[in-house]
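Chain IDs A, B, C and D follow the sequence of writing; residue 1 opens each chain.
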Amino acid sequence: MTGLQEAQRDQDDKLHEECGVFGIFGHPDSAALTVLGLHALQHRGQEAAGIVTFDDGHFMSERHPGLVGDIFGGRNADRVKNLKGAYAIGHNRYSTAGGSAVRNIQPMFADLIGGGLALAHNGNLTNARALREELVGEGRIFQSTSDTEVIIHLAARSLYRPIVEKLVDALKKVKGAYSLVALTSKKLIGVRDPWGVRPLVLGKLDNSYILASETCALDIIGADFVRDIEPGEVVVITKEGIESFRPFAQQPNRFCVFEYIYFSRPDSVVEGRNVYEHRKLTGAELAREAPADADMVIPVPDSSIPAAIGFANEAKLPFELGIIRNHYVGRTFIEPSDGIRNFSVKRKHNPNRATLEGKRVILVDDSIVRGTTSKKIVQMVRDAGATEVHFRVASPPTAHSCFYGVDTPNTDDLMAHKMDVEQMRRLIGADSLAFISMDGMYRAMGHAKRNAAAPQFCDACFSGAYPIELTDITGASRSSQLSFLADAAE
Amino acid sequence: MTGLQEAQRDQDDKLHEECGVFGIFGHPDSAALTVLGLHALQHRGQEAAGIVTFDDGHFMSERHPGLVGDIFGGRNADRVKNLKGAYAIGHNRYSTAGGSAVRNIQPMFADLIGGGLALAHNGNLTNARALREELVGEGRIFQSTSDTEVIIHLAARSLYRPIVEKLVDALKKVKGAYSLVALTSKKLIGVRDPWGVRPLVLGKLDNSYILASETCALDIIGADFVRDIEPGEVVVITKEGIESFRPFAQQPNRFCVFEYIYFSRPDSVVEGRNVYEHRKLTGAELAREAPADADMVIPVPDSSIPAAIGFANEAKLPFELGIIRNHYVGRTFIEPSDGIRNFSVKRKHNPNRATLEGKRVILVDDSIVRGTTSKKIVQMVRDAGATEVHFRVASPPTAHSCFYGVDTPNTDDLMAHKMDVEQMRRLIGADSLAFISMDGMYRAMGHAKRNAAAPQFCDACFSGAYPIELTDITGASRSSQLSFLADAAE
Amino acid sequence: MTGLQEAQRDQDDKLHEECGVFGIFGHPDSAALTVLGLHALQHRGQEAAGIVTFDDGHFMSERHPGLVGDIFGGRNADRVKNLKGAYAIGHNRYSTAGGSAVRNIQPMFADLIGGGLALAHNGNLTNARALREELVGEGRIFQSTSDTEVIIHLAARSLYRPIVEKLVDALKKVKGAYSLVALTSKKLIGVRDPWGVRPLVLGKLDNSYILASETCALDIIGADFVRDIEPGEVVVITKEGIESFRPFAQQPNRFCVFEYIYFSRPDSVVEGRNVYEHRKLTGAELAREAPADADMVIPVPDSSIPAAIGFANEAKLPFELGIIRNHYVGRTFIEPSDGIRNFSVKRKHNPNRATLEGKRVILVDDSIVRGTTSKKIVQMVRDAGATEVHFRVASPPTAHSCFYGVDTPNTDDLMAHKMDVEQMRRLIGADSLAFISMDGMYRAMGHAKRNAAAPQFCDACFSGAYPIELTDITGASRSSQLSFLADAAE
Amino acid sequence: MTGLQEAQRDQDDKLHEECGVFGIFGHPDSAALTVLGLHALQHRGQEAAGIVTFDDGHFMSERHPGLVGDIFGGRNADRVKNLKGAYAIGHNRYSTAGGSAVRNIQPMFADLIGGGLALAHNGNLTNARALREELVGEGRIFQSTSDTEVIIHLAARSLYRPIVEKLVDALKKVKGAYSLVALTSKKLIGVRDPWGVRPLVLGKLDNSYILASETCALDIIGADFVRDIEPGEVVVITKEGIESFRPFAQQPNRFCVFEYIYFSRPDSVVEGRNVYEHRKLTGAELAREAPADADMVIPVPDSSIPAAIGFANEAKLPFELGIIRNHYVGRTFIEPSDGIRNFSVKRKHNPNRATLEGKRVILVDDSIVRGTTSKKIVQMVRDAGATEVHFRVASPPTAHSCFYGVDTPNTDDLMAHKMDVEQMRRLIGADSLAFISMDGMYRAMGHAKRNAAAPQFCDACFSGAYPIELTDITGASRSSQLSFLADAAE
């Protein structure tokens, strides 16, 4: 985990999306447009990024740690020029423990019988360990610790032809959440898992088709949104056009509700809903469910601004920026030896005393994970003179880990896993604390309530109802530890 | 100019403060606290930063290009450990043309008769060239192209003792705007020029005094705000305590009004006014002066949010985030060869179609410099479906260059220098355009109107009324060009 | 190819060994000793180096481009500390076209059924392409373009157990030259190919066994030389001691004669002969075969000094340093636009006019490859005033490419491939030119003459008699090009 | 001190020249030729290098730590392109304690009245501290700790005109050893101090004059040697040609004898003598003075090879490379925790057992400073089987520090300062030890003997007879320590 990641985790106490993907077919500037698309998707992963293109019989790759703007901008702009060709796929990666090695940066690539396959993946497989053990048992060699390599090995082993069929054959064997883009020498392929947990959209720019995790990546290049790729759908884009297959057994849709709450950018349209507008609706629902007698509504910036606007409008209270965010975050500093109260939070947030002093404040956040940051922010706001602090959270208590592609702390570190609301209130030191109810969250989505038998979304992090089997977690197959190579400094 | 600077200049079309300063006396963690202070002042200068400390008979220095978090954080944390001692001063630098050499990074230092002097300066001298020529004429050697070195040479040449008197002697010879912090082996010194153009505040943390450009640098370390250093005041902090002198001829106060409009952080309290609250007042005044029939008020993020909130509240219109900002800006990318409409702006801003479509929009910005970005943003908002775009600016037209420490384009590049409001409206493509009036700006400050005979602030960038003589600009003394050394890569 | 490599290739016109290997078992400082061993073997490969150790259930790796002293010395010394454990193998790599990617740096590693295998290889396989196509045909995925990965895949696929048997099974399928060291969680393994083309020696330091390409790597750590590993021998070192196997069909010994001529360090003892003493004998034989009437004998420094001493002693002529070498070679410089005669050679060599002026000179070199450098050196020596230049070469004409682990130019670039001696003499501009005869070279080795039916050494680069089948070169199996991923900047 | 320097000091136990200088006037490729000249002079200083050129009204500079080939070669070749113009001076710097900051890298530059002056200096001033205190007393500001800046300040203060007269005025005030090159906007200037301690030669390439520390820098660019600059001579090169002045009081010549013994490259011609030939003569004289009954003569490589050849020829004994040097030295490694005998020496030297075993050996070195390395080498040679080791040194015992531009250990660390020859013999463990006598050294120079009243050379390091007053060393003026700024990482 890089210093930047540490710093962010330390400061924002959020769940983090692990990846963003982008692909484009048939555009002379495919690499430059992929850079822009990945830049627009930067919020989905900041540890590393990579792009693979194909031109004149060869695949070309640039995969590096860092932010897209640093990897492909400024003095590194030559890397974009190296990536020739009209087809490209790209990937933003969020860090996961032990996996920051260059060899884990996507897209991954392999030469299969019949040609090369590059693959970029957003999500997480729940039977990857079991499959990996089976593949190693056949004498197959892994170079990374990434799930994506499992899919590539399964494709390489497949007897089907052509490569797109090998990929489908591979995906039939995996379980879990995945939205992926793949590139062969002739095709751009996009796939969403049968439950449709992670997003993937189709766009068009002139005659070029585009696949991306979110619509904001279409906006930045001026492309038109065509439609969402559907759960279980495989789209294959060639010079002849676009084709669609549904090779998997159908499953109930379980789109990740957290994409609305925090992951997606507010300007994205996700499965038909604008994220910003949705967050305002959630804030309003929260205001109805859990009003408070106060002088103003204040967001924990920046992600909670829409929910706070919605809350303030509904509550007919002023919306104020009572906490100012420093956008130059950077790496962790040395902590002064005699300590500074709320040191780590202050690098990013400062309360505005002139606005807060003597006021009763409603603090709106989109979610709470560990509660450590919330506690510091409540204290900061009190220190700045607020007389009352009412904390409102625009999502239900996060009580369960995610195994579908989101970086979650261990269950034991989730504040809501071990405490009830009153305990949590005391922990964070607020005068009152309320989360939106599960049904309230669904109401803000336009549903009357959560359908307990077949929930309209994947809400496992709130409900513990995991739609896709967790083979590696629950299975007895966990055999001997593999003797992984630890590349200390690669 | 670094890629980051280029990118920002390209995208935000703002005036930029050239520096932030910080000093602390008598704290065992002086360097670590200075790092935090500079981090809080990062918005005042992003090109470079430096810190000088004194300990055990020696001054120590770390001066590097980059952001504070990169220079002193993460793997560079050892630099902080190298900076031993209980006294420190630090400086953030904004780039100016041709001056990015390491030797121009502040604080500057020299051995004088009687001991060392380190100096960090926010502002700009208006007779620096004339003084420099005089000093070179005496066989004195310059190592940088910085104004600050002129002050140091004048102090070195001075026959007064001790060093603080040398510094005062030097400052009596310079003209221009300066808020500076200086360090000797025994003293921390703070000075504001007699007009008080640039800010400087005094704070206290336990038994340590602190000097800083803005109060947000006190907040981050938990220090208390004591008071503003007054125009023309010299404060000298020693182990014995703090003393104050007024060695300069008194001048009318002319604090920079742009500190309120854009430079200072919204959570800072500047000369007794909270910046955030002031910006809301300005937005409200603007709403009264120049209302528009519209459906919503939208800020050009992020700096214009307070003015937009003030405008929306006054106008009783919804405040909405109609433009989403991407905070991962980074370096300039390669532009796709066939172009993307509004390419450079889109890296930072994306309009939210769901919010804007079919709506009449009031767009609030705090200032316009060249107008190039405004034009792109208006077009972006229209492309996203807005039916009307009414542009409102929370400052008067910027028609004159600043010579007091702000990075301004040439006068000819200032949109307001050559156009009237209707011409500007047509240039940026808005349905209507209004700037707050000069008197409106003063009213938001709590004055009845601008005092034309003795304006309450320095408003030269709007009015052209320069309070301090511009010797180097207007003087006939501009003799032969010096044969400056161009350190291509130092 | 790095700048350093370019510079060297440009200047020295030598064949280059592609690798050096080192392994140690059972020493608490295994990584530090491997660093020293690789440093002593630096002449065998300067592009990159890597070390793998095993400790506490995990393999650890550090593989980087550059010289050993830069990779593991000075500020990078922490890398050595990261490499914990009592077993280690290491590798120095010489660049080959297109293969400078980090993923090609050895030792390579894979998790096999039963545990991990790390492998470092000196040599070249002659059926690697054919095997690679077969393995890809089975759906196996390659990550590098290195021969070594072919061996690892063959081992991974093998059904034998334990891992050492998998490795032997793999090696039974490969053709070519290889001296390799391998590490499992319990064993250090050393193997030489059945013809014994490349060297590998066994040493001992206290209770630790060592494997190394040359004895100079034993000397640097104060280890004792035990014996050469024999052609076709597999040694397996465990806590229980050392065992030896001979699993391959026996072949006639064909040790690379060029190891004596140029590759090995003069202080190494190679297959029972000290290299320095052998080179002197060769120089003496050359003096007997091709004397010249001259005033002094001058080596082309540094590698030809021993042969020149031997020649001078035999010819009873003074040995003089008439050409001075600049050891600070570094990267290629910009050539002045109006040119400097013999520019590229002069960066490394300068003739000593005071010694050469008016003298008849015998210039001794150990080998000539392209002839370009020889031509420049002859001209340099003439320019410095030599009246006659007699060029003597301590090896026969290099007329054929090597396919057994040596970086050779294309056959067409070998001066001796297309010219007879008189043509070559005219090309390089010498007054006379002589190469040692093939039989003379064998006489210096202590043989009466070359045994044409079964040559005592591999002398293919002189004779064209390749002892090991060149499957990939001559075979018809060269099917379609694989779509290798070109990692431009990894 | 860099790792490279540490490593070298650790291993070679030699005195080290502190600098090399180069200048060229009137050549379109002046920067590229200066790079080559500095490369040829790399042995005189390896810590840093810099070049200043003048073109079109501006001076340009590139000054960086590292080797010339790294600073200006390979991917840094653009730096050469930045250095436009037909005039250039350059400098190689050897490290001295505390002085590795970038601001100490030469050439130094200042704007004086009348134009710029760039200066590069080989030597050391003996009254620099006294002058510096005087200049600081006048309020002048120093940016470096270098002697060179003292000269520049004196020139800047001078009332003479033009700049060349200012420089002469300055030099009249300094004491010590200096050979320097200077550049103004119109002139290239070369000066040697009145005693002529350090070398400086004049060369010509087409119509361009060149100044350089040694003739090897002329050879590399194909320039002709014209003559030595004479002691006390000032040469001024302009478009009109070359002029010569002798502004200083005449002094007896005292050229540094150590330039012959070790500093200069063997292919240089220094004050009329070829260094290589001279070293052979010294070796022969040593053989006559101190013969030994032995089987062979072995140099401590590489610098002692010429002396050993001279010794062997005179003694009619075989010359052999009994110690092999590893030229890939690089940075210091981690020492294995349980130690390796003669670890630090073995990184650079390995004895050749096959040559040494059972032999009586004469080991020839050019000089001994501390004796630590000699001891290790004697032991190494014994360990390799030599039955007797007779150590012969081609210079007298080094018993006194140098204050004229050579990096010498403290007097107490000089082996010869505190021991007689027998004590030294026991320390280094040789069977016999002999140094050439003082008169023997002068005989090898062609003198009958040393003229004690007026020695023909500066031999202060052997004799303690310092020709130039040591003001800073012996004077009582050493007042308070200046408060130098320690730029930890600049």
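To be clear about the criterion, a residue touches a chain if its C-beta (ideal position, glycine included) is under 8 Å from a C-beta of that chain, and two chains touch if they have at least 3 such contacts.
The model shown is predicted, which means the values in this text are computed figures rather than measured ones.
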item	value
Chain whose mean Cα position lies farthest from chain B	C
Centre-to-centre distance between chain D and chain B (centres being mean Cα positions), rounded to whole Å	50
Mean-CA-position distance for chain B and chain A (Å)	36
Computed distance of Cα centres, chain C from chain B, in Å	61
Shared-contact residues (touching 2 or more other chains) in chain A	none
Chains that touch, pairwise	A-B, A-C, B-D, C-D
Residues of chain C touching chain D in the complex	3-4, 7, 28-29, 32-33, 35-36, 39-40, 42-43, 46, 67-70, 72-77, 80-81, 216, 219-222, 265-267, 269, 274, 276-277, 302, 305-306, 309, 313, 318-321, 324, 326-338, 340-341, 346-347, 350-355
Residues of chain C touching chain A in the complex	52, 57-64, 79, 82-83, 102-103, 109-113, 115-116, 118, 136-137, 139-143, 152-153, 156-158, 185, 481-490
